[in-house]
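The same subunit A turns up in both complexes below, where it pairs with subunit B and then with subunit C.
On to the complex of A and B.
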């Protein structure tokens, strides 16, 4: 076997290993995020939250998952069965696949792609298609309306979400997450350079993954469950699963882009290389990511849901112009100071 | 002008403070609220199978309320306005079917022959007068009658109705409340409470222990005729769950061993020939 063949096989093996690992990682991630949501929100609402299943109720969200597995999986009579089955898979895979480009620590990234940023926003946007399919395939007009609502919302917010980081890309001169993190090693966390970009990204990301206060897609207390009305059992569970995984991923990307990814708040010790360096990076990465997960839960416990017109107005009249201003100012600064 | 987003920050501050404040949830059943002695439960208007209010404006609840907290008014079957306490406190209700439903027996009659038992009318009159003959003492009078006869014989209820000039339907209805038997039991009547609170606090274990101890299931009498076991949802008041009633005495909260002990004590008495049931 020549060298090219060996490299190719190694590459395939590495890819299979990485995807398997990331798929497995989604399971504890979803359960941990779900558990945090249950427990922290309860505490903020002066309740105890789950405290019966396991020590301090820490298995509550796992039990929720098993409950979903045990429930009857119903398909509406006139549903389009192939697409009805495909939709939850699609929403989940959009979340799981976007994890491929997240650099967890130095060297711990499934695909160190040159166009990781573009890949990420392309793949995470696929969940819109899943939602729309779910609404259409259910053969239920409320599901379809919910699907269209979600499409309107998510497509609208994709624009400020993407534009908010273009300034960062101009600044760092790279579309690779790894290089963006390394740029931050030299120049400090990007949030200091992108003071407008970060809040735009945070707000748009919350809308993109249907988090409160932008959770009109599901709006558990108003409409039944939007595009998920006809879903039950594990198919519904998959949507939930994907929601929690997407929250984790958005926080991970937020940390990677604006808060230095795996970098510690102080300079990364040069002597920590190899395995120790990886662990150190993983520690800071997960710490920062879960901090933002807690912030998202905190926001959910605080803010009421906004109206649809407020949601759309926010996207087109506030976030989009701000993102453009941010982009132009950043570009002008980069040009002027030759950064 | 307020800074945009300042309200948002203030709100986030409130939730963050809440995160560290002590929680108010009462961890029932590990923690129990302290309930005042005169507490009589929740006031609730319940519905019949036809979807109508079961309240017939019969005033029974107002009459037995120890703190006279209930006022009500309504219309009787002939359309006359009737009231108890201050008028027009609660919404008034017209009910053409009041008599029809009031005429229904509160419980199915299992043994019509024993129902017709001779009672000492003079003694009943004395009991009624002894409690002042007021409507709110109806439950106390029932208690006295049941203490003497072990149950509420129909002739005694008729006599109470005549003596106190209360409608028969009202007396009968009040007798159908928890705690009173309309038929005599054989031997000691052991009633295990099967209300939700008692079952949650271990009432099922009590029942199992008593079933094992007595060798009978609920609704049956032991072969020696000393005990009858039954379950009822109206024994305890939640605060003393799990509760067991032996004849007219309510015990609780009980462990399985304590429940066995209750039965043991009475069995020993019966062996000495002192039981009169």
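On to the complex of A and C.
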């Protein structure tokens, strides 16, 4: 075998290993995020929250997962079976696949792609297809309404979400997440450079993954559970799984883009060398990511849901112009000061 | 206890029955294809044709319209309410409330019960304001029997109904937020509710269906536990309410969603017979406590609060204002409570002279009144309740057209109907 063949095989092996590891990582991630939501929201609402399963009830969301596995998986009589079965997988895979480009620590990234940013926004947007299919295949009016809501919402929030990043891309001159983090090592966290870009990204990201106050898609007081109404058992579990994983991923990307990824904050050394440096990076990365998960839970416990038309109006009338202004200002600054 | 009634039957209205011929229905049922489910035959329900012009209007679908059945198993339909929505996309065009899923025949039960036991049957009607449910029949039966409750009993009555109003309005704030997607206010509302319910249970012995009122008085005098709990509750009630107010009243999303939503004009409200906070939120200063004074309300410092606008936000503000007013009333009642007995002398089985009596009270949902006819027997010949929730519900088809599905539940929650009272 020549060298190129060996390199290719090594690359494939590395890819298989990384994807397997990331797919396995989704399980504890979903459980931890789910548990945080249960417990933190309980504290905010002056109740105990889960406190029976394991110490401080910490295995409650794992038990929820096993419960999903044990439940009967029903398919409605008039559902379109192939698409009905496929939809949860599409939503889950969209979330899981977007994990590939997240740099957890120096060198700890499945694919250090040159176009990681484009890949990420392309893949995370795929979940809308799954939602739409789920809504249509269930043969339920509430599901259909939810599916159409998800299409409208996600498509319109994709635009400010992506545009809010373009300013940062112009600033850093790179589409690779790793390089963006390394740029922040030299120039400070990007949130200081992108004061308008960060809130736009935060709001649009919440809408993109259906978090309160933009959880139109599964608004339980309006359309029961949206596209998930007819799902049961582990198929329903996958939607839930995907939702928690997506929350984690959005927070991870937020941290990577605006809060220095694996870089430690000011009083600490930004990064260390060697294996200790990897652990150090992982620690700060997860700490910052879970901080934003807590913020998302906090928002959920505080705010009511916005209405469908207000949601769309906000996207097109507020966020999009702001994102464009942000882009032009950033571009002008980069041009003027030759950054 | 039942009695044989040898009474003249009231005149029946001679109207054509609207239900189709049962034989025709049966034929339709058997003509439908039979299905089997684990060995049981399933006979599908006959396709019921529209019975009235109104039904024809709602159930005839135009181009691009569909019917969405909201309830009775929808997660947020306040009990077992069923709303048939005619929608085009997400816009509600028409709405048809379908009632009767919680019908328990309370009116008929009351006519079979003695005057004393009627007061136990009316409790579960409007289960959020059981004290008010008992208040009106107690007044009506006292009028019928010609006795008066002692003054201390009247004060205790006023105290417990105002406490009841506080938790009812407090929970309404939470339910409205829950239907708009806010998860916390309902739990903050339940803090206050739990304290009040404990308070009322320490005086009446029960948490929800109190059975506290008696003809000619109340069941128990205030006790030490009640007084100490009342003090604790009074010390922190405004704080627990403020928790909800902070999270809702000035919240931009909450205001954007409720302002201008479901506007009920004053004229419309009067025409449709809406009473209570919903009417006052439309700017009509009508309150039974001042318009038809009963109990000790004339002796208390009391002002009718109104709002302008008549939208969902105004109805919310009205509830908050009335809640605070009730706390003010409770303070006055506790200050002025006289000594004395709490129960007038009444026989075990009350047999009023033939006659009729009407009594109305201001329940948290509006004018709740009862009308009782006595024929001299131990139980009322006719006993009729006017439940404000039932009347309020008929404004839904007037308010909803043009709004979105998402707003249906918000408007519903702001009108605050309780299905136990609607279906009786």
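Note that the second predicted complex is superposed on the first by the 334 of 339 C-alpha atoms of A that agree within 3 Å, B and C clash if a C-alpha of one lies under 4 Å from a C-alpha of the other, contacts with A are read in each partner's own complex, and residues count from 1 in each chain.
The definition used in the following text is that a contact is a pair of C-beta atoms (placed from the backbone, for glycine too) under 8 Å apart; a residue touches a chain by one contact, two chains touch by 3 or more.
These numbers were taken from a predicted model, which means no experiment stands behind them.
Participant: Given the alignment on subunit A, is it a clash or a fit between subunit B and subunit C?
Facilitator: Subunit B and subunit C clash in the superposed model.
Participant: Taking the superposition as given, does A:309 touch the first partner, subunit B, the second, subunit C, both, or neither?
Facilitator: So A:309 only meets subunit C here.
Participant: Touch check for A:174: first (subunit B), second (subunit C), both, or neither?
Facilitator: Neither partner.
Participant: Decide which partner touches more residues of subunit A, taking subunit B and subunit C as the two options.
Facilitator: Touched residues of subunit A are more numerous for C.
Participant: Pick one for A:301: touches subunit B only (first), subunit C only (second), both, or neither.
Facilitator: both
Participant: Thinking of the overlay built on chain A, is A:46 touched by subunit B (first), by subunit C (second), by both, or by neither?
Facilitator: both
Participant: Once both complexes are aligned on A, which of 62-70, 116-124 or 296-304 in subunit C overlaps with subunit B?
Facilitator: It is 116-124; the other listed stretches have no clashes.
Participant: Just which bits of subunit A does subunit B share with subunit C as contact spots?
Facilitator: 44-47, 301-303
Participant: Taking the touch rule as given, give the residues of subunit C at its contact with subunit A in the complex, in rising order.
Facilitator: Listed in rising order, the residues of subunit C that touch subunit A are 66, 68-69, 74-76, 90, 177-184, 187-188, 191, 247-248, 251, 253-254, 256-257, 404-409.
Participant: Mind listing the subunit A positions that touch subunit C in their complex?
Facilitator: Of all residues in subunit A, those touching subunit C are 41, 44-47, 141-142, 145, 149, 212-213, 215-216, 219-224, 300-310.
Participant: Mind pulling up the subunit A residues that touch subunit B in the complex?
Facilitator: For this pair, the touching residues of subunit A are 40, 43-48, 298-299, 301-303.
Participant: If you look only at subunit B, which of its residues touch subunit A in the complex?
Facilitator: Subunit B residues touching subunit A: 8, 11-12, 14-16, 18-19, 21, 23-25, 27.
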